[in-house]
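Here the chain labels run A, B, C and D in written order, and each chain numbers its own residues starting at 1.
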Amino acid sequence: MKSSLGQSVNISITGESHGEALVAVLSGLTPGIKVDRDYIRHCLSQRAPVGKISTPRKEADDFEILSGVFEGFTTGTPITILIRNTNTKSKDYSEMQTTARPGHADFTAEMKYHGFQDFRGGGHFSGRITAVLVAAGAIARLALKNKGIEIGTHILKCGGVSDRNFIDINEDIKSLNNKYFAVLDEKSAQAMQDSILEASRQGDSVGGVLETAVVGLPAGLGEPWFDSMESVLSHFLFSIPGVKGVEFGEGFALADMKGSEVNGSLKVVKGKIIPVNDLSGGINGGITNGDTLKFRCAVRPTPTIFKEQNTVDIKSLENKTLCAKGRHDPAIVHRVRAVVDSAVALVLCDMLAQRFGTDWALEVK
Amino acid sequence: MKSSLGQSVNISITGESHGEALVAVLSGLTPGIKVDRDYIRHCLSQRAPVGKISTPRKEADDFEILSGVFEGFTTGTPITILIRNTNTKSKDYSEMQTTARPGHADFTAEMKYHGFQDFRGGGHFSGRITAVLVAAGAIARLALKNKGIEIGTHILKCGGVSDRNFIDINEDIKSLNNKYFAVLDEKSAQAMQDSILEASRQGDSVGGVLETAVVGLPAGLGEPWFDSMESVLSHFLFSIPGVKGVEFGEGFALADMKGSEVNGSLKVVKGKIIPVNDLSGGINGGITNGDTLKFRCAVRPTPTIFKEQNTVDIKSLENKTLCAKGRHDPAIVHRVRAVVDSAVALVLCDMLAQRFGTDWALEVK
Amino acid sequence: MKSSLGQSVNISITGESHGEALVAVLSGLTPGIKVDRDYIRHCLSQRAPVGKISTPRKEADDFEILSGVFEGFTTGTPITILIRNTNTKSKDYSEMQTTARPGHADFTAEMKYHGFQDFRGGGHFSGRITAVLVAAGAIARLALKNKGIEIGTHILKCGGVSDRNFIDINEDIKSLNNKYFAVLDEKSAQAMQDSILEASRQGDSVGGVLETAVVGLPAGLGEPWFDSMESVLSHFLFSIPGVKGVEFGEGFALADMKGSEVNGSLKVVKGKIIPVNDLSGGINGGITNGDTLKFRCAVRPTPTIFKEQNTVDIKSLENKTLCAKGRHDPAIVHRVRAVVDSAVALVLCDMLAQRFGTDWALEVK
Amino acid sequence: MKSSLGQSVNISITGESHGEALVAVLSGLTPGIKVDRDYIRHCLSQRAPVGKISTPRKEADDFEILSGVFEGFTTGTPITILIRNTNTKSKDYSEMQTTARPGHADFTAEMKYHGFQDFRGGGHFSGRITAVLVAAGAIARLALKNKGIEIGTHILKCGGVSDRNFIDINEDIKSLNNKYFAVLDEKSAQAMQDSILEASRQGDSVGGVLETAVVGLPAGLGEPWFDSMESVLSHFLFSIPGVKGVEFGEGFALADMKGSEVNGSLKVVKGKIIPVNDLSGGINGGITNGDTLKFRCAVRPTPTIFKEQNTVDIKSLENKTLCAKGRHDPAIVHRVRAVVDSAVALVLCDMLAQRFGTDWALEVK
């Protein structure tokens, strides 16, 4: 199914950057989850563009829950979230209608949809659509919180600047969830933002790396083949615009290590088996081992830039140059962070429902 | 569905390392594909362990096609491939039955299957199962060849040694497909194998990185959300045992670049739009752009090693140490290469069938 | 996935009888289908309650298309349809909140959703939700019309009265699509409506049988196993509230016939193979044979009636009696007809897209 | 996915009537189900042809379990069942290769597979394939028995003769499961078999109706939309060759009743809510109500008959006549009974796993 993901818990997202509205349908979530609208707003604020490091297009992101929540709790039937687009300036795009932005989906959309696609602002491909995904993910996170599962993502790298690694995982996650620009070391925040602003001044853009940790997950989630935890997570993560790499645990660095360095060990603590110093990100054989789940996403620099680029007119098939207009982000990595948090929450709810049934997160009324 | 992947073209794999047999079911493939059994044997030989750089367990991998092929051609109904296990020495594992190997699935399988799993040689988690996957993938590759689509994978890194990059993509793919130890620069082959043997002597193991290129793909495959080409490929790739990282194009390196360096440009050549110097691996907005598809997989060092490790007895819950016995690979990256080739072939057949219908690869009888 | 159906073309529906709104997401439809809003309104009007034979709750059913349609054509990305609920009188239900209506979903919803379900007017179980399904189905029917495929359903039986059978299939379908109360013989319309009104006066309800014909379908749609045309159609039809039986061709009557009576014959006409007098409804071996597709649905009498019934209070677990209040239909079979037409259209679009790819219905702009 | 069904518990079946072998893959079943091979043989014997009322083709149906069962219990990973074909007389079919049997899939297979299908004995369309489906279903029934759920099917009608209705449901189910020709009233058995033999003497075939009851199911299984219990069951049932009608409870007869006759009532018995005299087959709003699940399947007369029929040569496109050769069943309804029992078992395991998680049927080792 298109624009939809998940087996037992499923998310569908619809809408276009400059269309009427964005809609998410979240189905299969346990009945009885208390829906905290302030928390949804809080998560949306972490995705919203703020200051000069983001697009000047500001949207209120007022959401309406059209179904699936009754008297403040999830009903167990599909939840529909609606966000109207308000601040659309489509005329910025009229000149770009037929001029494909290099690195963007303009050309590939034409090849797939034969000119019928809504080209304004990237249409259905736009990162704008992630607003409803974040709102839905916020509800999924509330379900996880019922079971003591917490997610935190920080900007490990941006514009050539690195953040520190996780140290006290629970404290670090807590501190990240209160921050808009999510770094563990505040000094790197300033350096990263300087780097973004410098790129912005040049009409250019920068990328980055996000690192995510999840605590409180039970061992035993995932499948040996095809629906390994890595497979299902990466499937979702790679659908977030701009993500071009995903690695679990030490990921690509593992390729340069020895088995004896990577394996870590197992230990019995208070009658429970605990993995120690395992560098594989909390997943062995595709299945969670009860350790902190850890992964990283590489986010490419935003393709829409103000520098002159060589490109083509997709209708007349003539070569031409383009200096993009409109409102664009010199970096999206800090905003993608809220999307990654939501993505992992949605995936984990799905895996938990497959494993433990539809009532896994039930809170007694 | 468990141990199964794909929407229009689907693969299921079953079996255990030391069980009776391995079975793959490949469904949804176009009728009329000529099934070349020598080609299947050729692909299987690239996955087979050879020499001292692999496990001493040698299997004939004689396959039987039980259904779906009639008079030498695919029928369009499900293809069943059977490979019997013959060279099983389960007693090597009897001591390890309850001793979990760190980094392996022994502990997580226990958490998921409550002791009912076939623990011998990793059971259903074993890389052994990939034999039937490679056989099925070989048939998928024959379908792709009907449409001029070719796949090649090389060992970009192994045991600290690097191969050269792709230069002449068509020639490089051709040369790789004739090699067992798939490197572009033969000098690196020797250095890599020395590195593997050295690790083997130490009772240890090494990892590596594989790089894959696909030529001949049409533009327009993939979806904007959730079934992006990256999503669907990574879903399959991350289910291959040992894969812990996947990146498209320049992947994690993109995080350190500027948009102007990454985007490349578009150009009209002979009435057709061609991407030039786009570093995103042939995919924009989740959809193929007609350029060479390029991605890399990080393969962790094999977890089963002969060095002493701290671990637990999963039944008695006692701490203990383990020196693995049995027949194990000091490196699997060179064997995983054939699995990656098959994986990408299966995914691409699925995407092509979704886009162009069930007859997309039909060859007239 | 919950409240969602279809593989290549998929429909999701959300909302509750007395909630904010109903939403349908239709994904996977070919780009370039011209969206005729008057036709959607026409289809909705055939589902709307009219006169005394239906519920007095009248809804404007004004729909908004929030995504997936651009400049009057489908884009190929998900289409979102929104219908606000306006005429809700939830207080009629306040007494019934904990009193389960026999034959209705009140009790089973409680068993599944543990009291968190929206109980007002049947909540997510209500036939009200079919309004957006009909709107989505109307767009699917427009796609089918591009390929010359037409659907018609008549009320074969209602309240003990029978309609005549199909005679001139093309003319009959055309005439049905212009009627609100869809019978082929106008005399039976009056008798059926008298029967409904009589039941209504008694505080009771009646059921009926719908018969559907589809012309213009190509041979070769469906699968030998599990996704037989009968399987996929019945899956959808049995999710329409009130449908308790589905039969293809002569269906249950076939059980009393001989093979020689049922088989019919095959004949070559103008170089094309044509089935003649085959009583299996245009499907052999699960696959369409190019003949008219024919099936029937049994619709049970509406469970909500005004007669006194023995039931229970699902909270206090006390036996009690119930005389339903609120606004209810003494018959729904004439309204279900529009839902069946939409259901079959959605299923056929899915089957055609699987067979011929995503562009199967493309109309050049 | 083709030839595969089920979300959490999934069955795939492969093979052809005169091919090498039949294979079923059953995935997602709870680990720890004790696999009783005698019970599987018992179920297979109820599908096997016996005496003159069935085809003279006798197959040993010796099955091999290739994976997923270890030390006598299910492991939780995919179970593979292999049955070799032994008694194949393909030359009976050589004349029929290009002569399509009216009412059979020969013509529709040609339209779908373009001549590449295995035409011998109906190939992948053959009822022969149901042998592995019955074996897999037997394991599913063992899982259900762990939870006290029992299934029984009888031949309600065959060749114009009717069986009595269910009276003592538990006793009736028990008696049916010990019978090959499954009727409740032994007198009807003789009359039905006489009717089959008479049709056989005429070179003709007869159909029938099967009625199934399931006891022990919990309330709360199924979904409001699209995955209603009726939808999911009918999806499977309509993929059984020959099934052309499915009805739940009183089904088509409900169309002639009043709501007050159909609804029944609800009653509290020992603190539990119990439906009484509800004629809807144990399902309200798509969800089980805890009452006996009841449905009926109409089975058409076998299309392959020995009488002369008008048909065509699908290669030369010439009109011709056909008197079928080979070994064929004058009736299949008594054999389909075992397939229906297996089908419903597989569907229920899937619904239970979705509702209660993967361990729903776990038996402690």
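Here is the rule we go by: a residue touches a chain if its C-beta (ideal position, glycine included) is under 8 Å from a C-beta of that chain, and two chains touch if they have at least 3 such contacts.
None of these values were measured; they are calculated from a predicted model.
Trainee: Go through the assembly and pull out the chains touching subunit A as well as subunit B.
Mentor: Touching subunit A and subunit B alike, sorted by label: C, D.
Trainee: Have a look at A-C versus C-D and report the one with more C-beta pairs in contact.
Mentor: C-D
Trainee: From the C-alpha centre of subunit A to that of subunit C, how far is it in Å?
Mentor: Centre separation, subunit A to subunit C: 38 Å.
Trainee: So the centre of each chain is just the mean of its C-alpha atoms; given that, what is the distance between subunit A and subunit D in Å?
Mentor: 45
Trainee: Please compute the C-alpha centroid of subunit C, do the same for subunit D, then give the distance between them in whole Å.
Mentor: 27
Trainee: Would you give the residues of subunit D that are in contact with at least 2 other chains, written as numbers and ranges?
Mentor: 2-4, 7, 13, 77, 112, 124, 224 - these are the residues of subunit D that touch more than one other chain.
Trainee: Classify the chain contact graph as line, ring, star, complete or other.
Mentor: complete
Trainee: If we count contacts the way the header does, which residues on subunit B are in touch with subunit D in the complex?
Mentor: Contact set of subunit B toward subunit D: 1-4, 6-7, 10, 12-16, 19-23, 25, 27-28, 31-32, 64-68, 70, 73-80, 82, 112-118, 123-124, 359, 362, 365.
Trainee: Taking the complex as given, what residues does subunit B use to touch subunit C?
Mentor: Residues of subunit B touching subunit C: 7-8, 77, 224, 354-358, 360.
Trainee: Quick check on the complex: what are the subunit C residues that touch subunit D?
Mentor: Residues in contact with subunit D: 2-5, 13, 100-105, 107-109, 111-112, 122, 124-125, 129, 157-158, 160, 199, 202, 204-209, 218-220, 222-228, 230-232, 234-236, 238-239, 241, 243-252, 254-268, 271, 273, 275-276, 278, 280-281, 283-290, 296, 298-305, 307, 309-312, 314, 317-319, 333.
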